[in-house]
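Shared between the two complexes below is subunit A, which pairs with subunit B and subunit C, respectively.
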Partner chain A sequence: MAWYKRVEIPIIITAICALIQILPYYFTLGASVEDFQATFVNWQMVVGTGATFVGAIAILQLHIPRIMKRRPQWEYSTALVAMFVIMLIFGLPIRELGLGLDNSVFEFLYGNVLTPLSSTMYSIIAFFIASAAYRAFRARSLEATILLVAGSLLLLKNAPIGTAVWPGFGTIGDWLFNVPNMSTQRAILIGGALGAIVLGVRAMTGYERGYLRGGGE
Partner chain B sequence: MLQSGRVSGLIYLLIVAASALYFIKRGEKGNIPEIRRVSGLDAIEEAIGRATEMGRPVFCSHGISGLSDATYGPQTIAGLSVLNYVARLCARYATRVIVPVRQVSVYPIAREIVETAYKLEGKPEQFRPEDIVYLSGFQFGYSLGYMSLMERERAGANIMVGAYWAESLQLSETGARVGALQVSGTANTHQIPFFVVATDYTLIGEEIYAAGAYLSKDPAMVGSIVAQDIGKFIGIALIVLGVIVGLSGTNYIVKLLEM
Partner chain C sequence: MVAEGETIWDKLENIDRRILYLLIWIVVLPPLISPIGLPISISPSTVAYYEAIEKLPPGSMVVVSFDFGLSALGELYPIAVATFHHLFSRPVKFAIIATWNEGPIVAKMIIDKLNPEQTYHKVYGEDWIFLGWAPGGEQAMAALGRDIWGTITKDYIYKKPVSQYPIMQHLKSAKDVDILISLETGTPGADEWVRQWWEPYHVPMLVACIGVMAPTVAPYVQAGQCLGLLPGLRAGAEYEKLLGRPELATAAADAISTSHILVLAFVIIGNIGYFAKRRRRME
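Here is the complex of A and B:
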């Protein structure tokens, strides 16, 4: 196998990059190291920006064959590719031609198509919450019953009518939120942080290879 | 030399990291610790088997975060480790695996993982590059694409391990609606309740980070999980000690941790 294809290369890069980020957090290493760390962050941004083209190519590779072969629902792919091209052209940073982020067509599409679509998708979560709550709030077990009771009390705390009927709902709701809920969340956070540290150790030492090509094999 | 206020954190980090290395070495020598079963991870094979029997594809996603963020990046790595396991099983059972991707920087990695899994199982011709789908960089564009893919392809299993935000409930509810057996996992505490109510199995917090080690069954990797427990014991001891010392009217523990 060619040396540059060896799995050790990305592992070594991972370890070096991690140490460059970790060490200045704990130690004062001087301006030169801090500058190097800042440069490293810039590299990361440049690489990330370069990866944008990967996404664009991936989208076109998926949708153009679908349009050409008239696969099911190819019409939607046409709309996507058309919008992709329009946004790309009008968003190009060429001020001399009136293009860029402040171009009127770009602004119109962004403000009147993309933003409302995103807001719509976000707002339909309310309906998903209703259907999920219906399933979760069936007292089939002790845990589900506790969830049902706690959820109902918090609903009464947050809905204006709850505290209007009995102010005690506010106190109970606050206690549920600040004591059992907060302590559980903190326990999960501590466990998660420990898990991340150990995962980091495994990744830096090359034991965690699942995220590499074929598990590093 | 040492940054003020971060000494205790560094000591804690070094203890946990040293413990991880120690138990990795012990594991390599054959001293494999007994760890509890994680039903969510055990259920992945069941989910893929069920999807195979139904002739439906398996969906496997690794969250919507990239790899570079200090808080969420490890969750993506954990999700990719799970993807590696899922892809191997799907290749073995000749089941389609569809991977919806949001981050362009993760897309080539996901594609390489799945492609290599098929090669390692001796079925490179069954790899379908079009099933590693980059949907959108926008959160809800991604969510919408994921949901419609699940509806169109009638997902048989939906495995979601990684960092998720508001889209978690949309994805898991859609998975439930199409009858997919769902395994979810995230360390984003505000999304865990959504996964708990809408999916069949949920990995909570630290369980997702242990997933790679647990699924690989590699003795060294499994050994490293013990280090998490050591970190927890130290944390619990500090909390108990802090309460006792605090009740006695002093704040030595707080001062110690603020070092």
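Here is the complex of A and C:
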């Protein structure tokens, strides 16, 4: 195997990049190291922004063949690609041609198509939550009953009418939020952080290879 | 109608979701069109959020970050509007940034609505500035904390170098920031700000988030990293009440009441059906 294809090379690059970020966070290593770290962060931002184009190309690679081969629901793909092209053209930052974020067509589509559609998608959750609460909140067991009671009390705490009828709903709701919820969230946070540390160490030492073409040797 | 072999208890336990959806519509719409004006009690975290801005010394530097996109407008737009009314009414300076790519568009909608030059006689570039989107998520937050001028080189509105604005002479890194306000729905958001701005620079935060995010932000409030938290529309209505400006969140608060009561009623109905069936089975 050619030397540049060896799996150790990306692992070493990963370890060096990670250490450049981690060490200055915990230790004072001087201005030159910190400057290098800052440059590194800027590189990350450039690479991350470049990934946007990868996403855009991937979307087109998925939907254009679907349209050309008239696969099921190709009509939606047509709408997607059409809007993609229109937004791309009118959103290009070329002020001399009147294009960019201030362009009237771009503004119209953003304000009158994307904004209401996005808000609607999010708002629909209210209907699903109502339906899910109705079906899930059944006192089938002790655990389910605790969930039912806690959920109902928080509903009453969150609804202005609940605290208006009896201010105690607010006190109980705050207690549920600040004591059982807080302790559970802390456990999740700390557990997640420990998991991230372990994952980071495994990636740096080459044991975690999921990011290397699916972990192939 | 009850189908053959199906009891009334079966029906109560399995009400068609379309009926539920229709009823949600029916109970939510009237209060939005004509608010009832139910009393709203104010929670301590809302008071803390309000007082953190209210007690900022004159000339303090605030950074407001739009860590959300268009989808969360329903919940966060009223809170963002109220927060900007509050900031513009105080003798403080602030910069607007966004870590979500749709953030600048949302921010511009709010600024256009408020018209600060006319309403509050605030001068762009001196009292406030709009820095736009910093791409890169958490990396961008880290870069901003270290060097704002180097991370966002031009402002969003006039596309001029940030070094030309008087306000930016007092805002070069997170060390110059007295308070950070994050309007957020997820990642990147409060978690990342705590890691990148609180831990290295000890910049205190205020967070306004959608209701479902509140439990995840709550530990930062108790730890003192987040000075105040506005979770969702209800908190927005409380904040509007404190500001004496009842607007969108206040109007929506009644809809929250009616929808929550409907959900609660259906939960009770579902449980009545469940227990009645169980009792019949036991008999």
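As a working rule, the second predicted complex is superposed on the first by the 214 of 217 C-alpha atoms of A that agree within 3 Å, B and C clash if a C-alpha of one lies under 4 Å from a C-alpha of the other, contacts with A are read in each partner's own complex, and residues count from 1 in each chain.
Methods note: a residue touches a chain if its C-beta (ideal position, glycine included) is under 8 Å from a C-beta of that chain, and two chains touch if they have at least 3 such contacts.
As the structure is a computational prediction, the values presented were derived from the model and not from experiment.
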| field | Combined model on subunit A: subunit C and subunit B, fit or clash | value | fit
| request: May I ask you to decide whether A:Ile146 touches subunit B, subunit C, both, or neither, giving the answer as first, second, both or neither? | output: neither
| query | Once the shared chain is lined up, is A:Leu114 touching subunit B (first), subunit C (second), both, or neither of them? | reply | both
| Which of subunit B and subunit C A:Leu155 touches, first, second, both or neither | second
| Degrees between the directions from subunit A toward subunit B and toward subunit C, using C-alpha centres, nearest 10 | 130
| query | So, A:Asn42: does it touch subunit B (first), subunit C (second), both, or neither? | reply | second
| Is A:Val198 touching the first partner subunit B, the second partner subunit C, both, or neither of them? | first
| query | Between subunit B (first) and subunit C (second), which, if any, makes contact with A:Pro167: first, second, both or neither? | reply | second
| request: Figure out whether A:Gln185 sits in contact with subunit B (first) or subunit C (second), or with both, or with neither. | output: both
| query | After lining up the shared chain so the two structures overlap, which partner does A:Arg138 touch, if you call subunit B first and subunit C second: first, second, both or neither? | reply | second
| said: Contacts for A:Glu208 in the overlay, against subunit B (first) and subunit C (second): which applies, first, second, both or neither? | reply: first
| task | Quick one: minimum Cα-Cα distance, subunit B versus subunit C, in the superposed arrangement, integer Å. | result | 5
| Overlap of subunit C and subunit B interfaces on subunit A (superposed complexes) | 25, 44, 48, 52, 114, 118, 121-122, 129, 131, 133, 135, 185, 189
| field | subunit A-touching residues of subunit C, taken from the complex the two chains share | value | 15, 17, 20-21, 24, 28, 38-41, 43-44, 69-74, 104-105, 109, 134-137, 139-140, 142-143, 146-147, 150-151, 200, 211, 214-216, 218-219, 222, 232, 234, 237, 253-254, 256-264, 266-267, 269-271, 274-275
| Of all residues in subunit B, those that touch subunit A in their complex | 1-3, 6, 9-10, 13, 16-17, 20-21, 24, 66, 68, 70-71, 74-75, 77-78, 80-82, 84-85, 88, 104-105, 107-109, 112-113, 116-117, 119-120, 129-130, 133-134, 137-141, 143-144, 152, 166, 169-170, 172-173, 176, 187, 189, 192, 194, 196-198, 204-210, 212-213, 215-216, 218, 220-221, 224-225, 227-228, 231-232, 235
| query | So in the complex, which bits of subunit A are touching subunit B? | reply | 21, 25-28, 44, 47-48, 51-52, 54-55, 58-59, 61-62, 65, 73, 114, 117-118, 121-122, 124-125, 128-129, 131-133, 135-136, 185, 188-192, 194-203, 205, 207-208, 210-215, 217
| task | Provide the residue numbers of subunit A that touch subunit C in the complex, in ascending order. | result | 25, 34, 38, 41-42, 44-45, 48-49, 52, 101, 110-111, 114-115, 118-119, 121-123, 126-127, 129-131, 133-135, 137-140, 148, 151-152, 155-156, 158-164, 167, 170, 174, 177-178, 181-182, 185-186, 189
